[in-house]
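Per-chain numbering from 1; labels A, B and C assigned in written order.
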Amino acid sequence: MIKKAVAAASMAMATVAVQAADQIRIGFMSTLSGPSAALGIDIRDAFNLVVKRNGGKLGGLPAEIIVVDDQMKPDTGKQATERLLKKDRVDVITGIVFSNVMLAVAPSIFENETFLVSANAGPTAYSGEGCNPFFFAASWQNDGQHEAAGHFSTTKGYKSVVLLAPNYPAGKDALTGFKRMYKGEVIDEIYTKLGQLDFAAELAQVRAAKPQAVYIFQPGGMGINFIKQWVAAGLNKQIPLIAPGFSADEDVIKAVGEPMVGMYNTAQWAHDLGNAENRKFVAEFQKEYGRLPTVYASQGYDTAQLIDAAVRDAKGKIEDRAVFGKALTTAKFNSVRGEFKLNVNHMPIQNYYLRQIWKDPSGRITNKLVSTVLTNHPDAYASACKMKPW
Amino acid sequence: MDAILLVEQALNGLQFGLMLFLLAAGLTLVFGIMDMINLAHGSLYMVGAYLAATVATATGSFLVGAAAAVVGTAVVGMLLEVTLLRRLYKRDHLHQVLATFGLLLMANEAVRMIWGPEALSLPMPEALAGPVEIGGLVYPAFRLMIIAVGIVVAVLLYVLVAHTRLGMLVRAGASNREMARAMGVRVSTVFTLVFGIGAALCAVAGAMLGPLLAVQVGMGESILILAFVVIVIGGIGSVRGAFVGAVLVGMVDTFGRTLLPMSLRAVLPPQIAGNLGPALASILIYVLMAGVLFWRPQGLFPARG
Amino acid sequence: MAAGTPLHHAVRWALVGPALVLLALLPVLLTAIDQPFYLVPATRILIYAIAATSLNLLVGFGGMVSFGHAAFFGTGAYVTGIAAMHGLQSAWLAWPLAMVVAGVAAFAIGLVSLRTRGVYFIMITLAFAQMMYYVFVSMKTYGGEDGLALESRSALGFGLSLKSDTTFYYVTLVLAVLSIAVLWRVVNSRFGRTLQGIRENEIRMEAVGFPVFRHKLAAFVIAGAVAGLAGALAANQTDMASPAFLNWHQSGMLLIMVILGGVHSFLGPAIGAAVLLLLEEFVGDMTTHWQFYVGAVLVAVVLFAPNGIATLAVRRSRV
């Protein structure tokens, strides 16, 4: 019965597909509660910035945005997705922060032939053989920032490191990425529990291992706690700490402050990147929300821009999967990170930058762009992706 | 493995254990005297942490925040006792479990309504944000303070229970409830007071752990389960049992988390060892509890003869 | 409660009959009003009705307040997931396997737990369930904390696919009716009467010569196995075996369903499951704080309607 209903619905879609849709429904599912809520909130706020500037429209279509919280739990996300797909019948799902949630919900989204435009997670599972025509990452492939950090650590001359990441798909991707470009010795890889907040035992372990540097990937509240406890244990005076942009962004700086000055981190974006779109974004974001945007916010902004451009290019015919899919693949927009284009696996090819935390002339502690670490960098999995382009 | 690392981990275990004790002490008293399972005990810990974070942020003083949390949470606890919980003392355990589980759900949502879904951060006091060096050991000053506070509270509680009139009533209540009732000395006031003390201890734990963890909805739940494990191991109603049980659980957990992966690493590849270790450590605690219940069903220090 | 003794629990066909017809026609009705989505929550209600009814065999009829029923529900889910991962897709094999493994787990846990009484029983079942939680969370090969995703739903054969919400709904409906009927037979059997006798007065039953421990253990195993079936269905519905199925919140929620519906009535827990999940569905639509209202309802029920919810538990002296 359902099958019939779905078939009937898609036939109906096929007949109207020549015309443009009258609106676009977006399921914005993100982590909006708990210690890592700031991530989802930044993505949401930046996404809304674009929608608001366009007068509530994306690509000329009125946009209805249904915001739900996945609580960082795969099963909650799964249930919410079911509702978005079957009850709200959304055209696009976006906003997912964490890879474990993404991996739990993506299969049913793909099966339903709905587009999943990631504003954050870019899991390895969808990068190579498992790439999917309905998946698009406006952010990065999971390994990206970590590859840049590995590259930087090598050039900086650190001979030995200890690596630390939460035990979930993106944590494993992170360490894989770091090790791909790091040439020194990895003394130890410590996997922590996702959501762990007390790192006393791990810090003792790190101290005993005496590495030349420590690389951490701890997103959200985990990173804030880790770095606070790192400082409290006096390790900031003993061992240099390197992180991806996620773990050394405005939210973490706000919570930890002074002791972070001097810390190096790598990301595909920096708030002081010189392009015009970025200057506009940073100014508008600050004006609207009274805080500096994070790397997550930049991704939310670009995600909205990507969807906006694709809907415009598809001339509103979003219900025609092939037309909208092609438009998403080729959409041109002014990314806040400068050059941006999608690889064959729909993962970005982009630059990765080195940033350092400093006290700017006004006394504000923030990130400063130092140099470009990787230029037009594709991920390592794209060649294994054999999907037919739209 | 060097001695310094061992000492550092032992301190970590002690710190965790003492905080568990603060929760378990209130729980075991309420359990022992009123024969009441209170699943919402962890919610008082959460309320304490939220109060501490709010006041500390507003006044800029950690101390003021902690003090406000202790007073505020004790008041909340006593209000709960007077309005709701005392009606449950004579009820079936099943009813107590349900009503307090309901209370826990309400507390979680009420906190979400008042403070929002995001976690709050409770800043560490400036002076204690760095490390202290003792011999070759570099240890966070704040964690040392937690240990000190835990020990002081434990001693105070010991004095209170062993050497005061209130303590006498409490001990009488724990060892023989009917007798305590028969004494007829305004038992209900004693109950309310005990509940207030339990709540205040929760708030101390909340204020101490807030800067190390995150002040968030649901924070009281995982620690509540551990507190239950502690009092079952220690013997329901026994404050001494709660102390021993708490330190035992803290040590087993911390050493399990570090020593197990290390020894596993000797025989297994690092990634498997790192995965298995923490999980095995968490199971250890429950194995310990099941073992104690199996061989000493009344716990290590039975309060009732 | 009609027909003879209070130990016999009759089916009130005047109510159950129309309810069954309504359930059988639900997919047609929902399609007619263009709300086929609601089949998904309806299926979830049926799954939890199975689990809650099985728990009530322990709580309502055996006087065993188990705070660890999630252990068996979750085990069923994980067995289904692990079996699928190793190529065992057939529902005809995987689901019975889930029941067997959950039953074995219940046997092992019951063997230790049932030696304790009252509040210690509540605690030890809770502790064992947490232990199971950590056991499954530790198995990184099987998804660890993220849960184990089902590559595809269990295979039924006969050209039926669980991917269709309607098929899934009917399969669940049939299994719910079957397992609840079986539990009903158990409760009304000689075994069930003995169990209720034990609940009323354990020492007397022991004195009369009934093997009390074995009866309780048998009930524990039956309840565990049926919960395992519910877990297998739940894993299929969410396409994953999630650690959340094993969490103590899950045990609490199952207990709430039992109490809300009423431990005194055989079908009460199924109704409790429906009430709680509908509350989640519709109050959850209006406010994200739906759990606040669930909590308030719970407190109110315990305070103001204790007789309505648990005549048996009250008649019993303190555990």
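Here is the rule we go by: a residue touches a chain if its C-beta (ideal position, glycine included) is under 8 Å from a C-beta of that chain, and two chains touch if they have at least 3 such contacts.
As the structure is a prediction and not an experimental result, all values here were calculated from the model.
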Please state whether B-C or A-B has more C-beta contact pairs across its interface. B-C
Would you kindly say which chain has the C-alpha centre located farthest from the C-alpha centre of subunit C? A
Between subunit A and subunit C, the Cα-mean centres are separated in Å by 39
Between subunit B and subunit C, what distance separates the C-alpha centroids? Give it in angstrom. 32
Subunit A to subunit B: how many Å between their CA centres? 37
Give the residues of subunit C touching no fewer than two other chains, as numbers and ranges. 140, 144, 288
Residues in subunit A with touches to at least two other chains are numbered 69, 167, 193
Quick check on subunit B: which residues sit in contact with 2+ other chains? 112, 275, 278
What part of subunit B is in contact with subunit A in the complex they form? 1-2, 4-5, 8-9, 12, 15-16, 112, 117-119, 121, 124, 129-131, 133, 138-143, 211-214, 216-218, 254, 257-258, 270-271, 274-275, 278
Which stretch or stretches of subunit C touch subunit B in the complex? 59, 65, 67, 112, 115-116, 118-120, 122-124, 126-128, 130-131, 134-135, 137-138, 140, 144, 248-249, 252, 255-256, 259, 288-289, 291-292, 294-299, 301-303, 306, 310, 313-314, 316, 318-319
For the complex, give me every residue of subunit C touching subunit A. 27-28, 31, 36-37, 39-40, 140, 144-147, 149, 164-166, 238-240, 242, 244-245, 288
Sites on subunit A touched by subunit C in the complex: 1-3, 5, 69, 73-76, 78-79, 82-83, 86-87, 100, 103-104, 107-108, 167-169, 193-194
Contact footprint of subunit C on subunit B as seen in their complex: 31, 35, 37, 39, 84, 87-88, 91-95, 97-99, 101-110, 112-113, 221, 225, 228-229, 232, 236, 272, 275-276, 278-280, 282-283, 286-287, 289-290, 293-294, 297
